[in-house]
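Across the two complexes that follow, chain A remains constant while its partner is chain B and subsequently chain C.
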Partner chain A sequence: MAITTRQTEGFTMPELEYLAQNESITIVPLHRMDRIELVRGAIGPFRPPQKTVVPLWVAIMLKRTNRCRIVAPKWMQYEHLRDLYKREEQPDAMFTRLPIYYLEIAHMLLTFAEDDLVESQGIRRLLQDLREVRQSKTMEGLRMLNSLQLQMDNLSMAEINEIRPLFGHSFDMLRQLDGLAQATETEQQQSQFADQSYAEMDDAFGSRYVH
Partner chain B sequence: MARRNYYDIDDILAGQERVPCVLRADLDGLGSAGSGGASKVHRNARWALPYWMADRLNEEDYVDMEVSPVFSKRANRMYAASPESMQLRAICQHYYQFGLQLGDMVPEIPHVLRNMYVQRVIKVARIAQQGQNVEALDFVQSLDKTETRMLKLCQQAQSAISDWHKNQAYALKRAAVVSAAGS
Partner chain C sequence: MDTQDSFSGALDSNLGLYDDAATSNFEARLEASDSMDVEPEVASTSVRIHATFGVEDEDVELGIDKEAHEDDEDDEEDVAEDDLSLLMRSWVNERSSPEILEYEGATIENLMELVDFQTQKMATQQAALANILRMDVDRVKYLVRSYLRTRLSKIEEHARHYIKETMYRERLSQNELEYAKGYVELEERHVRRSFLDQLPPHLRGLEDVTAEGLEMVPKPDLDAAVFCRVRATVGEFQFEPSEAPIVMRRNNIFITRYSIIRNLLEDGKVELI
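This part shows the complex of A and B:
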């Protein structure tokens, strides 16, 4: 099967968009409709102007054919994003809590449902700023890379996907180096010249010596 | 023995790096293979052989393999001092792979490589994020194969997201055959 390099290194963005479309979102339907049974659950019934919760793909589909209006999710309000941005900007702060598919959901809503959002330009700008701050934080996380574990909470799916090739290959390399270091360590512990090499290594590399 | 991928082309190429060796036995008729023209090569002659060959001959005791100058003590000290300004492409194009293969012989190699890798990969990631500019050009030209691959992957990941943001992640176009047949 023909597969591109990008596909071997993780998800592609359209794939992530597809996965994100399963998230639920509130809409205001414009037409009446009875309950429909689908494989993964039921949609409806639609009784305008009552709000209903549907999967995102249904919402996008209805919106494109002008059969509903989308209610912006709570986290996508301008003030909330601005507060999150302020909190994110503080040095040494962890990543702020955002839905795991926030980039994809935001992109789809901004593309298809811009009229349902208040201050869409401001939201666009804030999302861009937020993304840049988070990116610089992941770069700092790279510094703390070791071969055993790296924990970064509250990263969204798209961001994880972005750093997956880099971090994945780096982990592999560091693990190989560690395996090599351990192999030579046990070898030397069984030989006569252990002390001298350890002393040499300590001199050359100071406290970076891994125990 | 370091992990070796038999079919990995980078591994094969990395093993091609020459290491200095001292011959232990007199070899007849192989003079033309070395740097001389004589037909007989004496013991204690110095020869630079590719690593894969030298390793096997070392085990069979035909040669005494010595550490390649890429990872000599002096070189290791230089690497520890300033990892970011080393010209890895000039020193050895498959620096990391070669280091992994030599790992049995030189016990400081894991430290050296780890130090180099972590520092340089951070710089690589930063360059990928901010786009290449003039100062970065020198650094990019000094990367070895592993690092250039990493740079390309990072750049691809970046452009994937920004393309998708502009709704250019993929384009559905009419096939030329269809439009030619239609007209």
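This part shows the complex of A and C:
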């Protein structure tokens, strides 16, 4: 096995954080530094107190050695999250718009740059609430699943990854049942003996579960 | 979310986290693959360094203001994608798709050239800067490794099918093709030795198609469920001939059958997530 079983079912949490770390974030450098050429492009120059945009992983590295302050993204500010939560909570509301890696980014910022966040406790709580509302909404969505497609806009990467096994398997199961239903339908039309086709359906079910 | 420990570990030991147990076995194999050993004497002129990081397409400031320009979301994604972002997307696609996808050989070669160039530069820098450069390079290496390993696991799963079909054979790199052939051989020898040779002669066959016309080679399930996100507005799209079309706009997310969006994925109109 070139990758683990867990990895064939989706992404692991560290992998998602790896992806999220490529997102850009604004920092205020605390030390002077020249431009740095990275594989993906140049960052800097760092001239305190001028803000500059860097990938999140650079921001975290600098933060850990106390060489920058991270500017919290707007969506992660307390007031914004509170409004989002209110909207999210409305009955029949769609999923609100959040960055695709919002959970990973929020988790990393709360871990490494808590002192740069205003009302970090409140933010933590709101994120938790937001997540729970969205989770229960996703589960509602499972009811609407059919064997063709289901649109689920604004779900984040972590949320999708979380529901992937359940939704994926349910979807595949529905698909198989659909195929089976169609097959029996045509058969029933052809044969006068409905009982016989039921027996065949049982066979088909049996063989699918045996292995 | 208890990843904090492992995560800080990763930062401390520069990606120590990613060198999990499984890595060691495959290191040797991957080392041998062409993409990893690029000739060291890369002239600095041939190395492309991309545009400034800050001016990336839509995700400046983490896409906070998306709501504000919801309307002009249609004409984006025309900006040329850098190699790293491209490989990142290919990696995610590869991980989520049931079949093996086109090999990103040129991209990997470019990236490995850059990695070599950056590694040479590292030696002359002061510690703090060198650390950032090393982390950057390690992140690229990790991505390349994980990408190749994902493909290997898929090749192992359907090796026979992939070397049989021309379409798939063309998607594999030279090394991957050899790997697939070797894998099939090994598997066949193992199966024969462990039990097939003890069966009555008429049950020993390993043909691709039996005399009764039964196909024996397992295929990837192209109808498997996938999650996809629309990258460039597609417009009305018919998921099934009998159903009403659905408008696919940028950033819409769907769960659907892989076979339905297969062509859109090839055109880069959607990405798997």
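By our rule, the second predicted complex is superposed on the first by the 183 of 211 C-alpha atoms of A that agree within 3 Å, B and C clash if a C-alpha of one lies under 4 Å from a C-alpha of the other, contacts with A are read in each partner's own complex, and residues count from 1 in each chain.
The rule we apply is simple: contacts are C-beta pairs under 8 Å (C-beta built on N, C-alpha and C of every residue); 3 or more make two chains touch, one makes a residue touch a chain.
Quick caveat: nothing in here was measured; it's all calculated off a predicted structure.
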item: Which superposed partner A:Glu162 touches (first chain B, second chain C, both, neither); value: first
item: Which of chain B and chain C A:Thr111 touches, first, second, both or neither; value: both
item: Chain B or chain C, by number of chain A residues touched; value: C
item: First, second, both or neither for A:Met13, with chain B first and chain C second; value: both
item: Touching partner for A:Ser24 - first (chain B), second (chain C), both, neither; value: second
item: Contacts of A:Thr184 with chain B and chain C, given as first, second, both or neither; value: first
item: Partner chain(s) touched by A:Leu142 [first = chain B, second = chain C, both, neither]; value: first
item: Touching both chain C and chain B, counted on chain A across the two superposed complexes; value: 10, 13-14, 17, 103, 107, 111, 145, 164, 169
item: Touching residues (chain side chain B, partner chain A) in the complex; value: 2-3, 76-77, 80, 96, 100, 103-104, 107-111, 113-115, 117-118, 121-122, 125-126, 129, 146, 149-150, 153-154, 156-158, 160-161, 163-165, 167, 169-170
item: Residue ranges of chain C touching chain A (in the complex, touch as defined); value: 1, 3-4, 6-7, 10-11, 17-18, 20, 22, 26, 49-54, 56, 59-67, 82, 84-85, 88, 92, 95, 111, 114-115, 118, 121, 128-129, 131-133, 135-137, 139-140, 142, 146, 149-150, 152-153, 156, 221, 223-225, 227, 229, 239-240, 243, 246, 251-257, 260, 273
item: Interface residues, chain A side, partner chain C - complex; value: 1-4, 7-8, 10-11, 13-15, 17-19, 21-26, 33, 36-43, 52-55, 57-58, 60-61, 64-65, 67, 73-75, 97, 99-100, 103, 105, 107-108, 111, 145, 148-155, 157, 160, 164, 167-169, 171-172, 175
item: Contacting residues of chain A [partner chain B, same complex]; value: 5-6, 9-10, 12-14, 17, 103, 107, 111, 135, 139, 142-143, 145, 158, 161-166, 169-170, 173-174, 176-181, 183-185, 187-188, 197, 200-201, 204-205, 208-209
